[in-house]
Every structure is written in C-alpha cells, then in structure tokens.
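One chain, chain A, links the two complexes that follow: it is found with chain B in the first and with chain C in the second.
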Partner chain A sequence: MLSNVIPSLVDGFRMENLDGEFVLLHPARDAVFYMNRTGALVWQLCDGSRTVDEILNLLSAAYPDSAEQIRADVPALVHSLIDQGILKSG
Partner chain B sequence: MTDQTSNKITRRDAIKILAAATGAVVLANIPDKWTKPILEGGVLPAHAQTSPPPPPPPFSIVDCGVPDTMCASANSLVTITPATSGISMRYVLTPSNPAGTIVFPTQLNGTLLTDASGVADLYIEIQFMTFNINDTFTVDWSFDDPDDGIDTCQQVITYDGAC
Partner chain C sequence: MKTHFKHCSFENHKGTLLADFKITADSEDCISASVDGSDLFSRLSYESALNHLMQDVLTRLNGASRTSLVFHAAALAHAGGGLILCGRSGSGKSSLAAWLAASGMQYLTDEVISCPLNGNTFSGFPRSMVLKRGSAFIWRRWVEDANDDPQKFRDGSVWARPEMFNSATVEREALPRLLIFPRYEKGEELQVEKISAADALFQLMQNLVNARNFPDHGMSTAARIVQQAPAFRMTYSDIETATQWIKETMTTG
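Right after this comes the complex of A and B.
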C-alpha cells in the first residue's frame, strides 16, 4: 500500500513547461517524459515532505468534486513514477 | 465562488498549499479541474540520444603533387597515410579544353587502388596536337569510401607543348 509512502524526487530530473505542456527530462539517462498538468502537479507534490495519503487529502480538498477519481488516479501515477525511476519511495 | 470545506482543510487552503508546494513551474498552471494524470515517454530512441562523435576516418591524403607541366603524358600521384595498399581512391580528370583527345584514362571519373606505399598513380596520355599551349588538366582526388577518409586533393597539370 502506498498510503504511508513518502515519495521523493530522484536527482537529475528537471521539469520544463513548454507552453502549458510539461516535459520531464533526465539528460544523463537520456530519459524524457511528457506529463499533463495534473501529472506535473502530483510530481511536484512528491517532494519527500508528505505521504501519499497527505497528497490525496490535499488534492481531494482542492478538487472536491473529483475526490473519488483522485483516490484512484494518484496512487496509480505515483506507482508508475516509482516504477519508471522518476520517484523514489521513502 | 464559495470554498467547500473538508474535515481538515478548506479548498482555499488546499490551493494555497498546492501553489506554495509546486513552485514556479506549476504555480501558474494549477489546473482548474482535475483530469486523469498522464505520463508518457521513457528512454530516448538511440538516434535521438547524445552520443560521442564518431572516430575519425583511418586515412588521410598526404599530397597529390604540385602543379606540373606535360606534353604527351604525365602521372598524377596521390599519397595517403598511413601507407596502406588496396585503398580505393577516386579521381576526376577535368580538361580545360574538352575538344582535345585524352587517350588515357578512358574514363574521366574512376578509381584506382593504392599500392603498399599508399600511392595511387593515374597515368594520363593525350593526343597533344589536339590541345593548345596552357590548356590544363585538373585532377581531383578523394577517397572512394568516406569511411576510409574524407580528405581531398587537387593537382593541376598544364600542357606546355614541349614535346
């Protein structure tokens, strides 16, 4: 379960905002990822200072109409980001 | 628009926290509505990756002779380094007077192999009566295979009529 995991950023990635589209780059790894705005938002929140549960609560409060979807989307994204080596789980 | 409150945090506070947490990149781009997050991509394809420059070709041209004169025949020599036999060198022979008759080579554009000294030798023979004094024969040398080398060299031979 990811609830208590504290995801944090892997060194070397940097986010570029290209006219509203977000590109996550890791030049040393020749890695590039495209993220939409909500994906970029979640990535930014995974800074090692809060658990996945806290991120869920924060986003659910910000988007109360989508709270249920957020509870499904965010853990899946965090899981994927960890799998891709973009985030590390603390 | 009124804030909806949750048990622990108001929407307004949540937005403030998001803005503070996300910094400059996302600050102005906190989405108005939640949409399913998208993550696409991965490792760049090989052709897009930064790669070290290719190694230089193994051979280079030392020289192909200084300007020379001839009457009925001449040789244009190109020398490569390191001296290696069997390297295909391309020549392009261009007479200034296309009306004259060149006996040899039969093709103005062709290839010759280097010998063990790294020399390719183009023998040129003309019907000298068909040329005028100071007509020139330009020989352009290059490697037939760019993987062997990329150097080029040019020699100009002038018909002097001293036969």
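Right after this comes the complex of A and C.
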C-alpha cells in the first residue's frame, strides 16, 4: 500500500515554473517531464516529510469539494511519478 | 547540391573545421564516404548517398552550436511575424511548410530553426525542401508545373527549391508569433488546441537537437520562446483548412 510511503524528490532535476505548471528536466538522464498544476502541487508536497496519507489529508482539507477526486487520483499520480523516476519512495 | 543550398550562407566562414568528408564514386550506384578518417557509408546509390550526407552534415552542424538552440522545426514568416512548426520527421511539417509558402508566406526552413541564447529572433536553414512520397498529393502540382527541374529520387521524394512554391522571398530570420506542433492524420478533421506555456516548453524541449551543449540544457532560452508566442497542438488532414486557420491566426494574433 502506498498510504504509509513517504515520497521524496529525486535529485538532479532542473525546474521551470510557467504559470504554476512545471517542466522538469533531468540532464543526466536526458529526460523531460511536464506537470500540470495539480501534478506540480503534489510533486512539491512530496518533499520527504510526509506520507501519502498525510498529503491526501492536506489536499482534501484545502479542496474539500474535490476530496473524493483527490483520494482517487493522487495515489495513482504519486505511483506514476515514482514509476517514472521523478519521485522516490521511502 | 549548390543549387539546393544556395540560400545557406557558406561564404567568408573562417571557423574551426568541424568535419572532413572524403567522398569517392566508382559509379553513380557505388558511392562511399568517410568522415574524419572513419567510414560513414560504402557503396550506396547516388540518391542514398546524398540523403545520408545531408543528414550527417546537418546533424554535425546543429550539434556543434553552443550559441544557439537548434530545434527540429519548419518555419515561415507572414505579416511581420514568424511561424514555427515544430516536430520531428513525419509530423507533416514539411508538407505544411510547402503549402504555406505556396499560399504566400515567406519560407525560412523545413528542417531546423536556430534560436540564439541572446536575442528574440530565430533563423532558418533554408536549404531546399525535402518532400516525401507520402505527401506527393500536396506538392505534385507545383513540381510538375515548375520551370526548373527538382531533384527527384527513386523512392518518390524530391528536393524542391522554395522558389518553386513562392517566387517572392526566402527570409533569414523572424520574431516568433505562433508556435504550432502539427500532426498529419489521414481523414481527421482539423483540431486545434491551445496549449499552456509549460506544455509548449515540454514539447519544444523534445525537439531540441543540441541540449547537451548548454548547462541548463537550453531550458531557460526555450522558456523564453514559449512566452513570446502562443502555442497550439494541431491535427490535420485537409491542408487548405489548416493553412487558412494559420494565416488568419497569424494576421489577427
């Protein structure tokens, strides 16, 4: 389960912030990623200081109208970012 | 070869030698080449050799630049602004560029654009257009009506001088006004989607040829480009409809 995982940022990324959306570049891997505002927000919260559950609680409290959607989408997003090597778990 | 590269400025260059090609031809179907003493290819037909050489020369020239970002893109100018059609081979950018040139826009390139680290304009590499067999239905009528003879290859592609489509002008540089990521899709209606600056930057970075030459992989300069011009993702099959949309958008902003 992902809920107790503490995701953190992978080193080596350069970031360009354009209107709240991010483009992440990892020069050593020659890889580029695009994140919309939701992805960018989640990515920033995954700083190694909180579990996925805590991130869900934070976001649900900030956006109560979208709480159900957040609980459905954010774990999948975190999972995808870990898979892509943008975040690391634990 | 000189005819097809006549707009490219090769004169008065006193820079460092980037590559030294040696080409030998036993016959028209038996051409070999080496570069800097290493074999590049051997015993190819004239047309295959020409295509290989052009590709290799372009790659070496583009990969060497440390003062400009080089992107896979076609480009034209219209009403004082520049249009960038960004995409890799097969995206339909060359066909679209040929048609846009034929409809009155000024041609800059159908292959690569160069964006200096310092400066707001971009320039093209205006060699002849390389038109593939798959898009022959678009360009055939100009090639057949042309007074001069384009370079035709046995695989059905041609190298056509841009003046064949528009005798007016070939431009050297322009200010970005519109950035489009085109995709030709047979049978699809025109779909145009405005994309965010970050999405455009992401797309642009994937078409950057010489990223490794820059400490930040060119991202800050590329970010400046996407903030200069609105960006769109375009899927098209009817080239006339696509052209009409582009020209209207270029004119009205």
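Everything below uses one rule, namely that the second predicted complex is superposed on the first by the 87 of 90 C-alpha atoms of A that agree within 3 Å, B and C clash if a C-alpha of one lies under 4 Å from a C-alpha of the other, contacts with A are read in each partner's own complex, and residues count from 1 in each chain.
Simple rule for what comes next: a contact is a pair of C-beta atoms (placed from the backbone, for glycine too) under 8 Å apart; a residue touches a chain by one contact, two chains touch by 3 or more.
Worth saying up front: this structure is predicted, and the values here are computed from it rather than measured.
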{"item": "Clash or fit (per the criteria above) of chain B with chain C on chain A", "value": "clash"}
{"item": "Chain B versus chain C as contact partner of A:Ala62, first or second or both or neither", "value": "first"}
{"item": "Touching partner for A:Val32 - first (chain B), second (chain C), both, neither", "value": "both"}
{"item": "Residue contacts with chain A in the superposition, chain B compared against chain C", "value": "B"}
{"item": "Touched partner set for A:Gln44, first chain B, second chain C, both or neither", "value": "first"}
{"item": "Chain B versus chain C as contact partner of A:Leu81, first or second or both or neither", "value": "first"}
{"item": "Touched partner set for A:Ile70, first chain B, second chain C, both or neither", "value": "first"}
{"item": "First (chain B), second (chain C), both or neither touched by A:Asp53", "value": "neither"}
{"item": "Touched partner set for A:Leu18, first chain B, second chain C, both or neither", "value": "second"}
{"item": "Those residues of chain A which chain B touches in one complex and chain C touches in the other", "value": "16, 22, 27, 30, 32-36"}
{"item": "Complex interface listing, chain B residues touching chain A", "value": "4, 6, 8-11, 13-15, 17-18, 21-23, 25-26, 29-31, 33-44, 48-50"}
{"item": "Residues of chain C touching chain A in the complex", "value": "196-199, 201-202, 205-206, 211-212, 216-217, 219-220, 223, 226-227"}
{"item": "Contact footprint of chain C on chain A as seen in their complex", "value": "14, 16, 18-19, 21-23, 25, 27, 30, 32-36"}
{"item": "List of chain A residues in touch with chain B within their complex", "value": "15-17, 20, 22, 24, 27, 29-42, 44-45, 47, 49, 57-66, 69-70, 73-74, 77, 80-81, 84"}
